[in-house]
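Chain naming follows the written order as A, B and C, and within any one chain the residues start at number 1.
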Amino acid sequence: MLKKNLTFIGVLMVMVFLIAAPATAQKVRGVTDTEILVGQWGPQTGPAAPWGAVARGTDLLFKIINEEGGIHGRKFKYYLRDDSYQPAKTKAIAKEFVEQIGVFAVVGGIGVATGMTARDYLMENKVPWYAPITGVYEWISPIQKYLFAQYPLYDDEAFNLTGYLHEKLGYKKIAMFYQNDDYGKQGAQGVERYLLRKKISLVAKVSAEMTDRDLSTHALKLKNSGAEAVIMWTMPTHAALILAESAKIGFKPQWATSNTLSDSALMMQITKGLWAGMINSFALELPDSNLPLMVKYREWHKKLAPQERWGTFYYAGIAFAEPFVEGVRRAGRDLTADNWVKAMETLKDWKGISSPITFTNPMDRQGGKHVFYGKVKPDGNIERLTDWIRITK
Amino acid sequence: MFGQLIVSGLAVGACYALLAIAMVIIYKSSEVLNFAQGEMAMVSTFVAFMLLDAYHVPFPWAAALTFLFAILLGIFFEIVFLRQAKDPTVIGLIIITLGFEMVLMGFAGWKWGPDQRSFPFPISNIEAYNFYGLIISKINFWTILITLVLMFILFLFFRYTKLGIAMRATQQNQLAARVMGIRTKWILSFTWAISSIVGAVAGMLIAALGILDPPMMMDPLLKGFASAVLGGMTSLPGTAVGGAMLGIIENLFGGYVSLAFKSAVAFIIIILMLCIKPSGLLAKHYVKKV
Amino acid sequence: MLKVKNIETLYGLIMAIRGVSLEVQEGQIAAILGANGAGKTTILKTIMGLLEDQPDKGTIEFLEKRIDGKDAEEIVHLGISYVPEGREVFPELSVDENLKMGAYTRKDKKGVKEDFERVITHFPILSQRKNQWAGTLSGGEQQMLAIGRALMTRPKLLMMDEPSLGLSPILVQEIFRIIKTINAEGTTILLVEQNAKMALKISSYAFVLENGRIVAANIPDVLLEDEDVKEFYLGIRSEESMKGYQRWKKKKRWR
């Protein structure tokens, strides 16, 4: 009896050992003969959920690539996880990606605070991470070998937008309305940096907390500042609230905002048309663009994901994964993290459906440096005001 | 600016007060803090939105149907979840409401998606009335008016109708109420129904003032809770005054002191109130004679 | 009028009533006497249908109808009213509203008005306190309100639990006088009392309850002569108490 038990336990232990043993046969984590494993987190629930469309857009790109036969004989296997915009969850997801799923790379990922909890962990584990979908300095400074940023820096974007308002449109009294976190603050920083250079000061600097739902006081403060133009760096909800509150008290300045609020179809709907007239900077092609790539993606969208709205956030998921895929293509069949990095560093003015991407300088991981300006027409379409403009300090 | 701050403070305070009243009605009858209050209101508001937007139901009918839905939702929750609890403690029941809150949140995200929407309310949230220089937006004006009317109806109901008095009786002494032949279980379901309707009104007003999306009630519910604490969790008039005060204080604080800490005012009020006068602003509580 | 047969009532796993039978005739004032914890209140609550799923065994009939297992609301409707121990008025309802709640199940407005007048004649003080919160009344006034409120249901049988508890001797006299008047006006009364002396004085039949069982039942005149009753409930000691204790033990063995 005892012997039998011992045998059983022995067999069990061998089995456990076999299961638990690291897959030493596999050379590169997340890359097999037929598959490349990629993960992304994004808020599918909670207050930031509208941005969650990005992660679903990436899914469409991988599906398209797979439909077209994959890359060097491998197809993408994509893992999308909901972090509800909560940093603690993001960190857990990053761990899951590395330790349980074993992904080759992470793409995208919305949020500064969320991404920051994962950055060092991913870098320590040499996980390539392409294009966190926020334009803050944290991604490019200090330089991380495996981390590439595409999203234009908020600081630069805001700097340039302010310049556009001041120089091209002649506004002198400019106010800032921003979300009180890294995202909004770096936008405000860019605005102030520009105005400081011109020796002008902001007439008002008003911030809102993520959870705020009543912005009447904020609107009053903006109005009382006498601002002719207001730049806003917020999430969609606050953008809609501040426009409504301002309209209530008869405050009608020229509004201007970042690419983060470029989904004008959504914004027109939630602002009941108040969005019209907005000056917007864009880092992606417009939704109805006739660029051949855009046409192709729109067709696939109809075929593969007709339930999704073809909005800016959705196809941003494509735009922020395209260069990653291009890197994988250039790295060849022998795909490793280092080969991929080398391949990425050959991208020069590479054009997908976002601005031109360049990573040839190994000391600069900021790939996207261009935006163009547009004005929202009363029907919600965009009147393109400029071509791609390089935004630099 | 002062006048504007007061008016918009009153409007948003009115919404806080309604949510707080919805909470207090429940709290008084079962000592349960209903954390699902906000999400119940949110889901009801989405139902109204669906009726208005997808089925093009005229607003009065949509509102009526929404109230019906709110009633059913309240009764459903009370009967299907709370009443099933075996030997319930107050904490246990509160946890159940938390669970229900998450269920509703998940449901709303699944059914209506996370995108923000504008709520098609018959009153414009952009146009304004001009009273001798004091600009009052239509939506603020009507929010305050609707809230006052609803409060007055509630006052009459609890004060003068047999059912209203029976609800108060049940809140105060369940045993005695049963002995009087009052169906206390039924009354409790009814309490949830009324609370749910009041919440739905608050939800629709909040959506009309701002925007409709699943997390829209998070902040107002917290403020509503602060208002309820101002009212000592038991007094309906105290709660109403508390809500109005909170809205105004918050706005004045945001306007003249610091916008960044505007939302923190509610927390500070909760803490101060619980430390200094937990029985609430208009406390007139009888002390049980031994 | 009320027939209780062999009921057993459980409080969780504890059996509080162990096979009690009693009968109340129309027009009577019946009393249940017993020490604290004997199960008097439990009997009333069982009859009233206030204890869920109780009685566990046995039957209760009221006016030839089975009422065990029915809800309190129905039982009130059938004509039983209950004045709970400790008054249990609605503290933050006015005196007026309290009385209104007494008539909650009734639809006959005229009858309600008559009964209201009747309650006011019994307890004139209540009309002076009409708009005051019941919680602000004195103990005696609260007891009057509780009785008045119970009368508002226009009961055929009025059950009262310790109406004299915590009241001054003068008030006790007053309350018992009113109970007698109410009875004389045609309401049958079932009274639970620790104050056995007072209860025996006004009742026409009485039951003695010990540990969930009825140990004696008779008209007051007989019970007043019973040695046990005298010693344990009336506080009259006729023998050495050691002897009494032995007799009590002897009886206990028979149970």
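Keep this in mind: a residue touches a chain if its C-beta (ideal position, glycine included) is under 8 Å from a C-beta of that chain, and two chains touch if they have at least 3 such contacts.
Since we're looking at a predicted model, the values are computed, not measured.
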What pair of chains has the most C-beta pairs in contact?
A-B
Identifier of the chain whose CA centre is least distant from the whole-structure CA centre
B
Centre distance in Å when chain A and chain B are each reduced to the mean of their C-alpha atoms
37
Can you compute the centre-to-centre distance for chain A and chain C, using the mean CA position of each chain? Integer Å is fine.
75
Indicate the whole-number Å distance between the mean C-alpha point of chain B and the mean C-alpha point of chain C.
43
In chain C, what residues contact two or more other chains?
none
Residues of chain A touching 2+ other chains?
none
I need the residues of chain B touching at least two other chains; which ones are they?
none
Under the stated contact criterion, what part of chain A meets chain B in this complex?
43-47, 49-50, 52, 180, 206-209, 211-218, 220-221, 224, 236-237, 240-241, 244-245, 247-250, 266, 269-272, 274
Residue ranges of chain C touching chain B (in the complex, touch as defined):
48, 50, 71-73, 76-77, 81-82, 84, 88-93, 97-98, 100-102, 104-105, 133, 135-136, 138-139, 142, 149-150, 153
Provide the residue numbers of chain B that touch chain A in the complex, in ascending order.
1, 4-5, 8-9, 11-12, 105-106, 109, 113-118, 125-126, 128, 135, 137, 139-140, 206, 209-211, 213-216, 218-220, 222, 247, 250-251, 254-255, 259-260, 262-263
Complex interface listing, chain B residues touching chain C:
162, 165-166, 168-169, 172-173, 175-183, 285-289
